[in-house]
Amino acid sequence: MDIVPLRLVTLVAERLLRGRLVEAVLDLGATGYTLTEVHGKGTRGVKHNAIDGPSVKLEVIVPLEVAERIVEHVAETYFQHYSVIVYVQEVKVVRPAKYGSGRDA
Amino acid sequence: MDIVPLRLVTLVAERLLRGRLVEAVLDLGATGYTLTEVHGKGTRGVKHNAIDGPSVKLEVIVPLEVAERIVEHVAETYFQHYSVIVYVQEVKVVRPAKYGSGRDA
Amino acid sequence: MDIVPLRLVTLVAERLLRGRLVEAVLDLGATGYTLTEVHGKGTRGVKHNAIDGPSVKLEVIVPLEVAERIVEHVAETYFQHYSVIVYVQEVKVVRPAKYGSGRDA
Amino acid sequence: MGSLDILAANLLSPIVLAFALGILARLVKSDLEFPDGLYQALAIYLLLAIGLKGGVALSVTPVAAFLGPALATLALGVVTPLTSYAVLRRPLGFDRVNAAALSAHYGSVSAVTFIAALQVAELTGRTAEGYMPALVALLEVPAIIVALMLAYMRGVAGKAAEADEPRAGSWQAALHEVLSGRSVVLLLGGLVIGLLAGEEGFAKVEPFFVGGFQGALVLFLLEMGLVTARRLGDLRTVGVRLIGFGIVAPIVHGLLGVWLGGVAGLSPSGAAVLGAMVASASYIAAPAAVRIALPEASPTLYLTAALAITFPFNLTLGIPLFFAAADWLA
Amino acid sequence: MGSLDILAANLLSPIVLAFALGILARLVKSDLEFPDGLYQALAIYLLLAIGLKGGVALSVTPVAAFLGPALATLALGVVTPLTSYAVLRRPLGFDRVNAAALSAHYGSVSAVTFIAALQVAELTGRTAEGYMPALVALLEVPAIIVALMLAYMRGVAGKAAEADEPRAGSWQAALHEVLSGRSVVLLLGGLVIGLLAGEEGFAKVEPFFVGGFQGALVLFLLEMGLVTARRLGDLRTVGVRLIGFGIVAPIVHGLLGVWLGGVAGLSPSGAAVLGAMVASASYIAAPAAVRIALPEASPTLYLTAALAITFPFNLTLGIPLFFAAADWLA
Amino acid sequence: MGSLDILAANLLSPIVLAFALGILARLVKSDLEFPDGLYQALAIYLLLAIGLKGGVALSVTPVAAFLGPALATLALGVVTPLTSYAVLRRPLGFDRVNAAALSAHYGSVSAVTFIAALQVAELTGRTAEGYMPALVALLEVPAIIVALMLAYMRGVAGKAAEADEPRAGSWQAALHEVLSGRSVVLLLGGLVIGLLAGEEGFAKVEPFFVGGFQGALVLFLLEMGLVTARRLGDLRTVGVRLIGFGIVAPIVHGLLGVWLGGVAGLSPSGAAVLGAMVASASYIAAPAAVRIALPEASPTLYLTAALAITFPFNLTLGIPLFFAAADWLA
């Protein structure tokens, strides 16, 4: 079984951004996504409490260039005013085409 | 403190498969697992909504050969008809034996 | 956009430890954390059921030396008697300073 | 109360309006959303409450009075998947697997449609038989088994052989899934508890399970509206054949149920409620079983048909129609 | 019942005590914690219940009787953000963005404060007008729009130009957020359902939405106490200016509301409840809209002011004060 | 009502049947499952409701009437962990840490067993004293403290020294955990709120906290059945010693409680309920405290004993036994 490297991009953001971030990653080339409700604390004054509802973790498996586009978009659009972090890891998958990738992505 | 590399295998699947996947990973050699409720969208028509309940993310830390067995099993058994993805990452742990591994797994 | 490597330390523990672990990682140098409710099974007799409430997954992005301190602290304080695992991965982030890191951490 | 009055009263009932509000909220892209746990909690509550009430009623029903309606219900549970399948295969041209999957849904029953019909019975002032929930339990399972047998048996009655892929699903696993599924466990479990506890034992829990029932249903239908709205987009992809089936099947099955219910000795109200049950398509028990037994079947087809076509049709027009038919037949 | 009796009865009511228990639990570092879903579920229930009750009341209210109070409410929704803004900018020296953000919150309304005021009305034995919830829906939105306009327009009425950073937020997105936000959808949706279903249709769901209401509110306020306590630490950082505003603004706005309510034809109880509404600061609809339209504004400022200052003030002292004022004016 | 009638009525009550349904559902591998939040929500509701009712009752109870039962309860809270410990150590041969851990559980109280006993009192038509919930709060904490002291002190009364590993847990942390734990906060908080609000203040929230109580309990016991069934497999590993202790201890403690309750002036019904409380083993407050203070103790032992042995025993046979004993003693 061939296992091919792609990127796992993880965003953790205040709930309000959920809809926008989901739309953004799909627009930028992700073929799917996985959402988890989380609670967190970061460097921003905004704490996430019952009023806002839990924060959201958005994970997408994408080819490298899509990963870069997502990181760039999030950094530009949301870093200044919103509570959001983004990080990237390498993952191995079996069906790279499913994630919008050629074999050697 | 010695930190030893193992594999983190992550499965994201429709809820219906939860029981089967948990049994399968334990059968194939995992010594434990972590389950998270998630919501997601992929390339399948099946959308995960309130009727089905949330999807499930199953994470297992295992030696390389167990990871390969799990990926193969899932690919063969579920890829064709079910909504499921699987990906593999490298992780460092402190007590490799706990995860069914020799030192140099 | 410069992407800098840091460590993602993940702890999965019985719910009772939540408060302690959060305090500990902040004390040891983490600048934030993300908590997820999970269910799991490991090698301990303690199963996580409705009585205890769900288990907790705690993720922190930190520089390498903080990651090592956290792993050491958890191993020393909790491995013997409590249900907890810890693993470490490499991640790439955009704003290393946000996580308490110099450029070349 | 005339038929049009019933229709109006139904359309203006809080549960139908709450369903409409849910659809509307999604259409205007509201951030209104039910937490996962709330939906599950309401479903557990409603199914257990239906079972309990049915069990208590059964505890004061002579067996003889129950026998006729029970047999009629079982017969309908066997017949409707067969008629569905026949129509879906030949005139409508669905392949065997998808035809069987749809038949399982349309032969089984939707608990919420059942409850909505009960409310209408109360609106009209003529309450249906108290043991109706026991009939729901009887109607739920057989159709699923019959439909899956259709898919598993090669060359069903007089049908042309078709290239038959090997079965991906498992018949035993599916049977277990149906019989131990939460909707059967809660309904049947509630029935037995109600039967054993009787009216006296039930009195203490009545404020919770009866008093709160209709309000909880309003919340549930609000969420059903949100869920249904998400499927409306799929209406375009499933094709006009399925939309037609999703409206005509409930009419035909429902009228059959009304008629047979009357023959079996149910009051007009009871017959109308039975009609609504038969007309309804399951979206809890059937999807889970079908996903396991027939994974090749398209969930988009059966979920869209059951949730986005037949459920709203019954909720708004179907139920009043069955009451009118029951009155006409009486 | 004298004013001091009302104060005492209010402070010893289960909802105020539950709020205090929540604060105390957090202060002693209890592990007491509401699951995420429970808070959301209670909020959905309470908002829908308020709407339904208001709608049913409206269905039996002559339009003429409702018109005066409705206009008064709309006027207050336009005026109070303006007065808030003026005071926050000049004497208190907040920058334009934060002043506008705070004005949106103080011009809009907190549903829980409203309900608490209704309870006090019942304590005093003089129930407020049944259609008050409809006024809540009217008061919720306009203030947010007015306040955001203040921020978006350059050089608001007679204000010195200041270095104006480019807007990070989007006006249209914020408007959509307010109008399709869950609190507006549930309140307005409930109103319409109540209006259409009327008293008869509502009777069935009354045990759930009316009987359970006050108890559910106790749970909700327990959780509000837990949430508020987490914000108490921020009181030190927001400064004495904001604390002063968070107490004086509700007094002034509240008295204005009481007076105008009386002029518009509300009963003393109704006028007092309107006063409490006007005095309250929104913490559901406003924060979401402001976060989108004015992301540069500090959530610590507006959430701490609304939740940790003004809400507890109104809940304990403000509401009895408005009842005293209404009696005095009557 | 004779003792056997009580036994039968208890076994056929909805809550006992719901518990059985939960166990059965797990045994047939049903996918029935409560969302996490629902369990927590029900626990919060039930504990707060118990507290509130007890507080309201206390507000109309003369201190003198309450004093005797209160002192008896405290005495039982100190004595039963000591007797448990002695038996677990010497005849049964458990090591000190596990003996202390089990003693904490058996000395403290299970709120659900308490409620089940209250229901039986109502079944028999002789309601127990209204302030019983206040006794639950008194019984919950002392036993845990006593048991932990046993573990922490070296060479407890006349016991052979044993190789004493260094303590892994923290005494202070455990004490904080008990006193600020959610079950104490909700019970005590509810008591104080009920006491301050009194009957009049409580009337408004009564439909929610009293009317819905028994039904909510049915749901809770269904979930308890699911949870208990998961522990049944551990019965094989914990050994026959513990199974015996889990049945004999509640009988002995329960009868002691019934007797002392009668002596202290409780009605027979009240004495029987006190017996059930004393017989019960805690599985909310005690496990959390023990996990912190005595992490070396085996959770499998104490959770299995409390949940899979003693709880089902009391729920089915123990409670009717204590009522029979109370009648016999009266």
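Just so it is clear, A, B, C, D, E and F label the chains in written order, and each chain counts residues from 1 on its own.
Please note the rule applied: a residue touches a chain if its C-beta (ideal position, glycine included) is under 8 Å from a C-beta of that chain, and two chains touch if they have at least 3 such contacts.
Keep in mind that this is a model prediction, so the values were computed, not measured.
Using the contact threshold fixed earlier, the set of chains in contact with both chain B and chain E is A, D. A centroid comparison over C-alpha atoms places C as the chain most distant from chain D. Distance from chain F peaks, on a Cα-centroid basis, for A.
Chain D and chain E touch with mostly distinct residues; of the residue numbers seen at this interface, under half occur in both copies. Measuring from the averaged C-alpha position of chain E to that of chain F gives a distance of 42 Å. Distance between chain centres (mean CA atoms), chain A to chain E: 35 Å. Among all residues of chain C, those that touch two or more other chains are 36-37, 89.
Within chain E, contacts with two or more other chains are made by residues 31, 34-38, 40-41, 207, 211-212, 288. Here the chains touching each other pair up as A-B, A-C, A-E, B-C, B-D, C-F, D-E, D-F, E-F.
Within the complex formed with chain E, the residues of chain A that make contact are 14, 16, 37, 45-47, 49-54, 80-82.
Listed in rising order, the residues of chain E touching chain A in the complex are 34, 36, 39-40, 168, 223, 226-227, 230-231, 283-284, 287-288, 291-292, 295-296, 298-300, 303, 307. Residues 9, 12-14, 17-18, 21, 24-25, 28-38, 41, 119, 122, 207, 211-216, 218-219, 222 of chain E are the ones touching chain F in the complex. Against chain D, in their complex, chain E makes its touches with residues 35-38, 40-41, 44-45, 48, 52, 176-177, 179-182, 185-186, 189, 192-193, 196-198, 201-202, 204-209, 211-212, 288. Interface of chain A with chain B (complex): residues 1, 3, 6, 8, 31-37, 61, 89-95, 98.
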